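Common to both upcoming complexes is chain A, partnered first by chain B, then by chain C.
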Partner chain A sequence: MALPLTRICRAIIQTTRRSTQLSSLYCTQSSEDRKKQFDKSLLEILVCPLCKEPLRYDEQKNELISDKIGVAYPIVNGIPNLVPQDARVLKESTGS
Partner chain B sequence: MAASMSRCKLRILLKKYDNRHVLKLLSNSYTVESGYQNNGSSKKKTHFGFQSVTEEEKEEKVYSVFKNVADKYDLMNDAMSGGIHRLWKDHFIRRLNPKQGTKLIDVAGGTGDIAFRFLKYACTENNGNLNDFDFTSDFSAEDFEMPDFESEQLLGNQEHTSHVTVCDINQSMLEVGQGRASQAGINQGISWLKGNAESLPVQDNTFDAYTIAFGIRNCTHIDKVVEEAYRVLKPGGRFMCLEFSRVPNPLIRRVYDEYSFQVIPVLGQILASDWDSYKYLVESIRQFPCQEDFKTLIQTCGFSAVTYENLTFGVVAIHSGFKL
Partner chain C sequence: MMSFITHLTIPKFGGIGNATRCLACAFLSTTSVTKARTGETIMNVFDRRAKRLHRDRTTAMSDYKVYEYLKEEFGYRLSDRVLDIKREFNHLVDLGCGRGYVSKHLLKDSVKQIYQCEFSEKMLIQSEVSSEVPTQRIVVDEEHLPFKDNSLDIVVSSLSLHWVNDLPGCFKQVHNALKQDGVFLGCLFGGDTLYELRVALQLAEQEIEGGLSAHVSPFTSVQDLGNLLNRAGFTMLTIDIDEMVVTYPSIRELMYDLKGMAESNCAWSRKTHLKRKVIEAADVIYKDMYSNDQGVPATFQVIYFIGWKPHPSQQKPAQRGSGQISFKDLGNLDEITKKIDLESMKTDDSDPNNDKGPGKS
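Coming up: the complex of A and B.
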């Protein structure tokens, strides 16, 4: 019983060291990849989570627009954010 | 003028969609009258581990937990389970047995464990031959590595190419997964999406398979998650859930409980400097329905041929159902 526990503890410590190295590498990667492009093929399947209607991609503002209910969903680091409470209500006077 | 327009818009949206998310969405932009907020759903009590909180609080607290643990999530999984979680996930994908060309949505799959395994399994020549498939099954600190991919395996005709859409509510978890994918050289066959499992931003009848691994117990309304799974699956599609469950044997359950409550939060504090998040994680396991109750819920949501399989004395269970 003691032997496997010792092995596990040693493995945890080694993994921690390795993970720290990998984590710093991830930090470098994510800062380099900050300008990841949005995967436009997702537009074939994505819909507004509220009204379930198709979305329009606004490349200039980097948002996905639900014209039906007038809200805009942001795209962050190339990842579309389609959580309703993170959306922006579009002003009535402008279409985008 | 602007305030009256916002209230008008709010009334229209509420009438059409009757969705508490609409309230939250519009309350971020405009001041909402207290009457609109008091529709009951956001004030309902639910559990956050062993605490009683409102449903709205639970979403925020769960989000905060995973934002805190994202960087150390994979490390802690290895530490808490002694690496066994890898075997559970390997077995999960074997049970799914995806063929080439399968379109999968992996919900609550932020760091990509299931997604990477799916791509490797669905794209290899040994597809379907379970005995020959090479999973790394031994836990070792030197083996803390991502699966190897040949990029050529992921290229080719879009229709026959396996694809996984990873959906998670937490940006931090998704970014960790994105980082791991870049590290492994995976740049095709995988998409990342931030969304709520209870209200998926996806068309009906889209996917061949839906997986959710160690995520559903963190959702506020499990029934809505399963209903959404049913909606987005194609007819004939398969729902699969890997989740912590109830240990039937009282002696083993006693040992498991002691380990969960005495050891895991300590590990969380040592390795991730976060006692509370890991305390929540072990408490949330106890709040999740048992195997039979969850099976009944899946059937109620419309799935057929619902089965479950216990792993490791019932510590985890794989539930499966089909949209027929």
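Coming up: the complex of A and C.
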């Protein structure tokens, strides 16, 4: 079950790679974005929109990470962006 | 819905045996799932990315507030319905909040925490928040909800679900995210919305180009909405219709305002252009068929719905056979109620003695 789901999710995200790159560019450009902190209490109700598993907050990169399918959702201005098309696919490292 | 249905009915399994038919169906369903997920195929009715762009573009307009009259009004009416429920909600999700049309009216007496969810990031940044209730913003695609199961008390949605491709899936996800006895309250445009514009454009295009294309998107009908909510598992449904007629000087102002509201057409089968001749003809037809003293009216039909996630404490229908009065006696109901009242009076008189008895012992 885990593998096909992962593949589907990756397929969705890779189709819109260009927009992802643009959005990540936007993230790096604005340093003021980091001023507004992400509220960690949100993690109590948020899950990954694709696999419905809990998310992990990466403070350094300011991203929400879904470990199960290896996808990172950006946080801009303290607002998490949980749209699958805007997510970044993490490199194949562990797990799969 | 027309284009959607024609595309769906293309595959035919005329003379194929049962087993092959099953295989073919299975194959079709899997491909349609993967295709639908990428959001790039004709199986979808709406181009969600185009809709996101429409919404983003309105944020660049300096006078975007001018076009919000419709959403403001219905958002306010919906917030009034939230306040009608005498309950304190811990977590409220405003799905497709736009610029916070519903959530800005909410009070701390009824809601403790608001989550504003919107597909367009730029619009979300412009959203207004309630002065009393702490509010968090999340960029969310209505078709992929990021909420934990059984975590929310109430989900509201005002005039945004009419652009969702997978309405049953969206309802199912809302149902899963709600706690037991949680409520889903919302409104969306109904089937009669903008019928004048639809007719005028169809007639004009038929006349000038000899064919017609979808300019007004397909809306949900009341019956379908009830069935969908029921199918998603909501109980005690309440559905009602509200109609608002707005009068415009001509068809151009109407279309311009629709653009300002980010309600431009985004069906996959849409035509990307509209000839000036067609607009002129449509203007004449619109005025000819519908105009009144003030201008041309445009109808907006809005369907409100309330659905509850089941809980054992909720009201249930009485058990079969538990009724005391026969339907045959409906004609002389007054006499029967009088008789029952008299009997209850008698038992009340005798009851105190009976009650005292066990009390003493």
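In the analysis below, the second predicted complex is superposed on the first by the 59 of 96 C-alpha atoms of A that agree within 3 Å, B and C clash if a C-alpha of one lies under 4 Å from a C-alpha of the other, contacts with A are read in each partner's own complex, and residues count from 1 in each chain.
Note that in this section a residue touches a chain if its C-beta (ideal position, glycine included) is under 8 Å from a C-beta of that chain, and two chains touch if they have at least 3 such contacts.
What you are looking at is a predicted structure, and each value in this text was computed from that prediction instead of being measured.
J.: Where does A:Pro80 make contact in the superposed view: on chain B (first), on chain C (second), on both, or on neither?
T.: The answer is both, since A:Pro80 touches chain B and chain C.
J.: Kindly classify A:Lys36 by the partners it touches after superposition: chain B alone (first), chain C alone (second), both, or neither?
T.: In the superposition, A:Lys36 touches chain B alone.
J.: Quick check on the superposed pair: does A:Pro49 touch chain B, chain C, both, or neither? Answer first, second, both or neither.
T.: A:Pro49 sits against chain B and chain C alike.
J.: For A:Gly70, select first, second, both or neither according to whether it touches chain B, chain C, the two together, or no partner.
T.: First partner only.
J.: By the touch definition above, which chain A residues appear in both interfaces, chain B in one complex and chain C in the other?
T.: Touching chain B in the first complex and chain C in the second, residues 8, 11-12, 15, 39, 42, 45-50, 52, 76-77, 79-86 of chain A appear in both lists.
J.: Applying the document's contact rule, which stretches of chain A touch chain C when the two form their complex?
T.: By the definition above, chain A touches chain C via 8, 11-12, 15, 39, 42, 44-50, 52, 54, 76-77, 79-86.
J.: Touching residues of chain B toward chain A in the complex: what are they?
T.: 5-6, 9, 13, 16-17, 19, 21-22, 24-26, 28-30, 71-72, 74-75, 78-79, 82-83, 139-142, 144, 165, 169, 171, 174-176, 178-180, 182-183, 191-196, 199-204, 206, 271
J.: Show which residues of chain A lie in contact with chain B when the two form their complex.
T.: Within the complex, chain A touches chain B at residues 8, 10-16, 18-19, 22-23, 25-26, 29-30, 33, 36, 39, 41-42, 45-52, 55, 69-71, 73, 76-89, 92.
J.: Name, in rising order, each residue of chain C that touches chain A in their complex.
T.: 34, 37-40, 49, 91, 115, 119, 121, 124-125, 136-141, 144-149, 151-152
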